[in-house]
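Look for chain A in each of the two complexes below; its partner is chain B in the first and chain C in the second.
Right, the complex of A and B next:
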């Protein structure tokens, strides 16, 4: 099944009749929309000539100062000059890749990895090499082995792309103990670390684990975002980079988009200045924890033959299907049963992952999540029967990255 | 003086089938083309709002541009009849037969058209008789290469070309993920053609055949991604063959009792024999679809063609009453 076919199947996922466990959309009904509306109106009424004008290529200075406050929650100390505001952290991902990657260069990424990043790496013709992760995130020994093997082959990796917190799609986090080890390995192999952290503040228990960037100022480019903790519609993310890189990021961003949206930046700046954004994040955490509980509860009840990760935060769980099933081949049946998920192959650059699927619990209500998993159980049981009948082994997923549309990524 | 109001058209697009995306694109294209020639068009999805919307709107004509399942198998058309609304295209009974590939092949075969040998097998049969035995019987008695497709469905979803017996089980799994019944057909090598038939009120007209040349199978991806497929319109056929191909499409349209519009997929083999593959009562109308390509190649302005089809359908429905 090819990429466009998967996209076509996703076309029904946004319909209300379908329980979509595919999307990565935050649950915006949890926001005080009346307050945010008034605030946006106030920004235009009082600062309209700035909000609707071109702005700085690096981003609004006040917002950059406020971003420092947000990052401090994860132990990051930086200067406003180190921050580059971008159109979602996705644009920062694109800019960093554009600066560092020539066709054929190696990018090391977790196995699995964020589909939107794989799409960017592919667009710049990077060669993505996956390194396994486990319950505690990226495995240091495996990273070391991979990098050693690469250099033995005469290929040097340039970037290590990692989502250390509440991984998309795997749902796991890099343990505090492993963080310095990973940074040490990267340093020894001359590898720049690209830390993508949209979910870090959405942990369900305990305080956030210190960011990789908090442990290493020079070897890490940090990407942050307001998309998961506030509102993706504003498209505001940021990068924190060592000085020399940051200058180049600003120039690259200016040539791509001139400047990030002032209207969005000022709206977010006003939100951070006047609303209880910490309280909002706490409310989101409670909400998503309840949904996570609904998800893992329903999985335990309905899918006893599958296994899954139990995330301590974020939006996703990563489910391994019963032996012999191919998540991509099963998708048409799921769509017929009015439930959608993202097949695991989307999260690999090399065709692995057919035996996994990503289920998200961020958007549907707990009742809908339970209903979706119940439908999925029927789908899995019919598909198992079919596979038992014909005795096929799951095939290679091919090397096309089937990236779902943004509301699914 | 303002001109007399024309008919109000309701285009149906979307639905929950696997071809929702294609249908939405078809619907948008047709609606734009009709608006471009001054017609009043509304576009509706197929969901819980549809019946109330149509009941309130009472359009003069409904154009179902739904692909897959309820859109093409007659059931949405049944509802339109129930509501007493005129629509463009084939009636529910004939749609149901055309939609089911084995049934359609049987009908056109009786009308004297050739079609590749095939068997129609539900999943339960493989369970009851043993999958291995059935597959072996298929490759032994039907031969190779084979095309495996869901008995019902469009846009080549779930379709595989099987050249080696060991690939057959995987093809069956992919097919049964889309539906409970598979049609396994002997693959005929030759020139792949699609012939659209339209009725503007003055008899059936076959548009020039479109010849489809793909690198690899003409699958979903090849159909809807510009560049993967090369189309030749009109097809590179001898005039005599082109005339026989046009005639075959019209005969299939007639034998199946279709109305207003259809697209027949055919293969002309190496000795010039024509093989009917399948027919569509709601042919795709996207920017890469075959019917619009054929119409443009024949010198039609799409908006004008669609308008005449609409007017002809409105006229024939008032004749029927």
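Right, the complex of A and C next:
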């Protein structure tokens, strides 16, 4: 199945009769749209010649100060000058990769990793080397081994890309105990850590774990986003980087887009200044926890032969299929049965992952989630019968999705 | 003077007591901000879950249809599928360059050229070869000669970058007669034309000249923008490209930003659907014509020893200084005298241009323009006296501005 075929399948999967457990779209119906609309009106009526004009390449200064408040919830202390506002954190990913990666350079990333980051690394012809994660996130020993092996081969990794909280797609988090260990290993091997953290505030229990950036100012580039905690439609994310890197990021961003949208930035700034954004995040957390419960409940009921992660936050669970099934080969049949997911191969640079699928519980209602898992169970059951009768049907392996369609965000 | 020093100077130049003839910011006070604010409110209140959500990587389909209407004013016939919406046309410039240019590849560009395009070409390590323009725009014979010479050296140019209408910074337009000639030369030399057209609808007299894209569907990538005809703060521009290129642009844009802002796109779409955008463009044309008149009137009165272009549209005039003066060396003294401009060197990849400056008449009022030129005349007069006394003071040549600060858009 080619990348374009996968895209065609997702086009079908967006039809209303299909339960999509594929997308990473946040659920926005809970937002106070009337209030947000009035705020937008007020921003333009009172500050229109700023909101509609070119702005600073680095981003609006007031917004950068407010971003510090948001990050303080995860223990990050920074200065507004350290922040670069970008067109979603995807643009920050692109700019960092552009600055650091030449063709053939090594990027170390979790196995599995966010499809959109892999797309960027591929675009800059990086060589992605995966390191396993487990229930507590990236495994320090495995990271150490991989870096040592690379250095023995005379190859030096430049970046460690990690999603430490409520991992996309794996649903796990890097434990507090492992955080200093990972940073220490990275430091010793001269590796810059790229901490991508869109979901950190969406934990279902307890307080946020301190960000890697809060433990190491010089070795970490931190990426944040309003896409999951507020709304992706403004396309506002940010990077926090050590001084010399941050200056280069601003120049690279000016070359790429001149400046981020003032209209978007001022709208978000007004939202943060006048709305109860902490309360909104709390409401999102409860909403997504209920959906997580629906998802893992339905999986336990309908997929006894599969295993899955039980995430403490975020949007995704990572399901291992019964022996012999291929998530990519099965996808067309699933879509025919009116349920969609993302096959695990999308989250590896090297064709692994056919035995996994990512299921997201962010967008559909609990009832739809249960219905989707029921449908999926029917598909898996038919596939399993075929496998039992005819043995393992080998998948075609290596095709990866060439671009992170927004459906997969 | 280093690039960072130039940036520092422009920071000073943004103070209110300085008349800035440097920036390319459109004048937005004439926009109906109340109406635009209410439209923004209405879009979010009625279509908020779309406006605030991820959207298509290629851009909103309704907006792409409306963009066709805009382009029809310059004779372009296209299909919505041909259009890719980007974060300002700067992002389209970046994506096209990313797709086509490997380090060392040749880009042919007018002498002078838009500073933001040169920044992108430099970022991708293109080798920019300048071709002269005159009152009728890019000179076909010079283009032919340059391409022939390049091919004799075994170097093939990949892209011809051109701003055919109301050129930034030169203020001239490519005549209708030359358009097919340029396209014919490009075709014969296997050169893709990158037509950057932010100002085409801002002509001061007569109808728009047909776009290059209207004469050649297969050999031209067209870039358009709402930044000058409506408002840059939404960061919405677009590219129109032949089918195979357009598909690659969408994938590259998804990798860079996932998708353009739905909030911005829906706001512009509502503006185009419900406001008299043609009337607004007409009002802008009249406003800018009045300022052009103030500019050239003041130049004639105060700068008898300089020469300049008299633009029929757009934002800029290109001034040649009296013999022996260096616009870059003079800039700090001009800023001290409370007037700013962009030295000509910013618009060349090779350090030429110290004898020129770009003056923009888009943002300051006619009165401020006259005051700015008066101040400039004082600075030039003092400089000229020094030159007359001590002879030509050689400039330092080659430093170019490394990034297109939004001040220079």
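By our rule, the second predicted complex is superposed on the first by the 399 of 409 C-alpha atoms of A that agree within 3 Å, B and C clash if a C-alpha of one lies under 4 Å from a C-alpha of the other, contacts with A are read in each partner's own complex, and residues count from 1 in each chain.
Definition applied: a contact is a pair of C-beta atoms (placed from the backbone, for glycine too) under 8 Å apart; a residue touches a chain by one contact, two chains touch by 3 or more.
From a predicted model like this one, the values you see are computed outputs, not experimental measurements.
S.K.: Could you look at A:149 and tell me whether it touches chain B, chain C, both or neither (first, second, both, neither)?
M.R.: So A:149 meets neither chain B nor chain C here.
S.K.: Look at A:273 in the shared chain and tell me whether it touches chain B only, chain C only, both, or neither; answer first, second, both or neither.
M.R.: A:273 contacts neither chain B nor chain C.
S.K.: Which chain makes contact with more of the residues of chain A, chain B or else chain C?
M.R.: On the superposition, C touches more of the residues of chain A.
S.K.: May I ask you to decide whether A:300 touches chain B, chain C, both, or neither, giving the answer as first, second, both or neither?
M.R.: Touch status of A:300: no partner.
S.K.: Going by the contact rule set out at the top, does A:232 touch chain B (first), chain C (second), both, or neither?
M.R.: So A:232 only meets chain C here.
S.K.: Taking the superposition on A as described, I'd like to know which of chain B and chain C A:90 touches: first, second, both or neither.
M.R.: In the superposition, A:90 touches chain C alone.
S.K.: Applying the document's definition of touch, where does A:18 land relative to chain B and chain C: first, second, both, or neither?
M.R.: After superposition on chain A, A:18 lies in contact with chain B alone.
S.K.: Just chain B (first), just chain C (second), both, or neither: which does A:391 touch?
M.R.: First partner only.
S.K.: Where on chain A do chain B and chain C both make contact?
M.R.: Chain A residues touching both partners: none found.
S.K.: Using the touch rule from the top, collect the residues of chain C that touch chain A in their complex.
M.R.: 25-26, 28-29, 31, 33-34, 36-38, 40-45, 48-57, 87-88, 90-91, 94, 116, 119-120, 123, 227, 231-235, 250-252, 254-264, 267, 402-407, 409
S.K.: What does chain B use to touch chain A in their complex?
M.R.: 16-22, 24, 47, 123, 126-127, 131, 155, 157-158, 169-170, 172-174, 176-178, 219-221, 224-225
S.K.: Across the complex, what residues on chain A touch chain B?
M.R.: 1-5, 7-9, 11-12, 15-18, 329-333, 335-336, 338, 383, 385-387, 389-392, 395
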